[in-house]
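In the two complexes that follow, chain A is the common piece, with chain B as its partner first and chain C second.
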Partner chain A sequence: MEPVAYVGIDIQFTRLTTEDRERGLVFLYLYDLPYVDLTAYAGVIVTNHVEEQFLLEHKTILDKYLLQGGVIFSMTEISLPWLSNVANWKRSPIPLKDREIIIEQSNCSLFKGIEPYDINYRKGVRGFFSRGYFEKIPVHAEVLITDQSGVPILYVDRHSTNGTIFAGAGTDIYKVFINEENTSKKLSMQMLDCIRDEAIRNDASGGTGK
Partner chain B sequence: MIGIVTNGLPFQNRFFAEQEFHYLYDEVLHIRHFHQYDLTKYDTLILSCRIDIRSLKRSQSQLLKFINAGKRLIIFGEILDCWFPTIDWEDSEVNFSWWVRDGGDLPMKMQHNVHPLFKYVTLHDMKWHYHGSFLPPEGAQSLLDIPNGRSLFYVDNVSFNGELVVTTLDPMFHIGLGFIDQSKPFLHGVAKWLREEETQ
Partner chain C sequence: MRKIAVMYSGSSQHWRTYKTSEFARYIDQLIPVRQLEEANLEAFDVLIIPSQTHTGLLDQNIQKIYDFANTGKVVVTFGPQHRDWLPMHKWEFRPTNFWWWLEPNADSGLRLLETTHDLFKNYITLEDATWHQHGVYWPSEGCEVLVSTNDGGAVLYIDRVNTNGVWVNTTLDPDYHFGSYFMPATERFLRGFLPWLKKGQI
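Take a look at the complex of A and B:
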């Protein structure tokens, strides 16, 4: 099982559990990014707890990793251009209590078997999945999640680089649903599976430098 | 003069873009460059919620020197690894759904009601959820207690030469992300209290 990096600053909300580590998730301290070789990981999850200016200062590291066929799953409410072709996050004008998260038909297994209700509500409260959207996405990107207005909330882009970029408009979909007692509980493991599948696919197509 | 410390996280950047809170602070300090600042010009330093713990540990001696010079230090959010002396933090499960349940409540009680902060802040303004609680040191004043006797907000004028204000509440996070309506009146209340203190 190849490790997947989980990038963030060190706060309560980025610390990993024993279960996370058993799944091969490894905490990668944001400020260690210049000193690591990202090809040591099957993929890199970038949380919403990152200093974007620092990422922008080290954009070449991420660009090089993608050039080598790397897999980056961003969950950041992006406001600076540190990740290739990912547009800025916009706050949704739809009140959270009225906003419906929609799972689009796709061959991607990220949301397979997950009931839309279970990612729309946590204990009766709406708004955890995302509070925003992307105003635009790359031309060939595959949209996985939208809302009732049709704006993209999560997509996968396999064309802008040699690697794969999953971009989500905020919220840590690895952690937020991990302890729920419904179908959303599967999301965290399916996220790691998707990342590893992409890494294998990219490797097979010769994208990776490994 | 009031300085506020940020980590440059997306929600923090959006909080600082909110014009209505610009009167809360005079200058923004970045935790990554904290060792470069001259803190002597500030009367109050505010640490935003969700700042990198490793960076805070590296700033500990500067912050202790600051508060022991008779200044006020205000810390929002979780306190991990006992990174600042005297603060006894305990994690708790977050009850974020009490308000959608019939008759639901999140019990908490104001203490020391004569504290000047309460000219500007109500119990409702402080009541959304919390991620943990504190056991204030002997002699410190809790302003907000939960039923087990622990505190969500206290003011400590006995442990240092200056004043330490600590709260589990995380208004910058919620204002930056645009949810939890109470977070705005709460932080406006804190701002008005601090600015009133400046004029005295």
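Take a look at the complex of A and C:
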């Protein structure tokens, strides 16, 4: 099982459990980014707990990794242009209690078998999945999640670079549903599976430098 | 008017709360967390340590923050701290109940103890400070508890006794939740709390 990096600063929300580590998730301290070889990982998850200015200062590392066929799954409500072609996050004008998260038809297995209700609500409360959206996405990106107004909330971009970028305008979808007792519980594992599948696909197409 | 500096971690939540929202006008300077060690704080009256601040970089600056407070200045800390570093820090973790308001006869469990304090008399209400809690402090004797839980744990207190400065410590994390647009009360809290820091009676 290839490891997947989970990038963040050191705070309570970013700490990994034994279960996470058994799944191959490895905490990658944000400020260590310049000193690691990202190709050692099947993919890199960037959490919403990062210093974006630091990522912008080290954008070339991420660009190089993508050039080599790397897989980046960003969960940052992004406000600086540190990730290729990912636009700024915008606040949704729809009140959270009225906002419907919609799983779009797709060949991507990220949300396979997950009931929309289960990612819309946690114990009857809406808003955990996302409070925002992307105003603009790359031309060939595949949109996986929208809301009732049609704006993209999560997409996958396999065309802007040699690698794969998943960009989410939401919360930490690896952690937020991990202890739920419904179909949303599967999301964290499916996320890692998707990242590993993309890494294999990119490797097979010659994108990676490994 | 007090001059306010923020230890700025540069996360998306902090970007929106402290740099680009309506609240930016109350902040005189954002000090990037990686530069705090070298920063000169003399010009400031208040230093805010936001919630979800990087543990390691906070650790490197604890003495500097104490030195700042000990010149008679004000330190504000938001949210649960990731290690015990506040003066006479006594913290009790409690699981977060995001759903209390859905229960019949919902009670947040919060109590306003200091109804005549300037912050609550002129700037915010208890409702503006009500969303969820992550735990409580048990401050040392002489500290002023403004908001507590119904069993007496402190959610917002002022410590004038353990250093030569003033510490306003709260387990509430309005800056994080405003910056991720999740808890509407946090907007009301910051609309009152920051003007109070600027010109209120602390």
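Simple rule for what comes next: the second predicted complex is superposed on the first by the 210 of 210 C-alpha atoms of A that agree within 3 Å, B and C clash if a C-alpha of one lies under 4 Å from a C-alpha of the other, contacts with A are read in each partner's own complex, and residues count from 1 in each chain.
The criterion applied here is as follows: a residue touches a chain if its C-beta (ideal position, glycine included) is under 8 Å from a C-beta of that chain, and two chains touch if they have at least 3 such contacts.
All of these numbers come straight from a predicted model, not from anything done at the bench.
After superposition on chain A, the partners chain B and chain C collide with one another.
Contacts of A:H49 after superposition on the shared chain: both chain B and chain C are touched. In the superposed pair of complexes, A:R122 makes contact with chain B and with chain C alike. When the two structures are aligned on the shared chain, A:R131 is found in touch with chain B and with chain C.
When the shared chain is aligned, chain B and chain C each come close enough to touch A:F13.
Within chain A, the residues touching chain B in one complex and chain C in the other are 9-13, 48-54, 76-79, 89, 91, 96, 122-125, 127, 131. Within the complex, the chain B residues that touch chain A are 7-11, 13-14, 32, 50-55, 78, 80, 91, 96-97, 100-101, 131, 177-179. The part of chain A that touches chain C in the complex is made up of residues 9-13, 48-54, 76-80, 89, 91, 96, 122-125, 127, 131-132, 171. Per the touch definition, chain A reaches chain B in the complex via residues 9-13, 29-31, 48-54, 76-79, 89, 91, 96, 122-125, 127, 131, 170.
Of all residues in chain C, those touching chain A in their complex are 9-13, 15-16, 20, 32-34, 52-57, 80, 82, 98-99, 102, 180-182.
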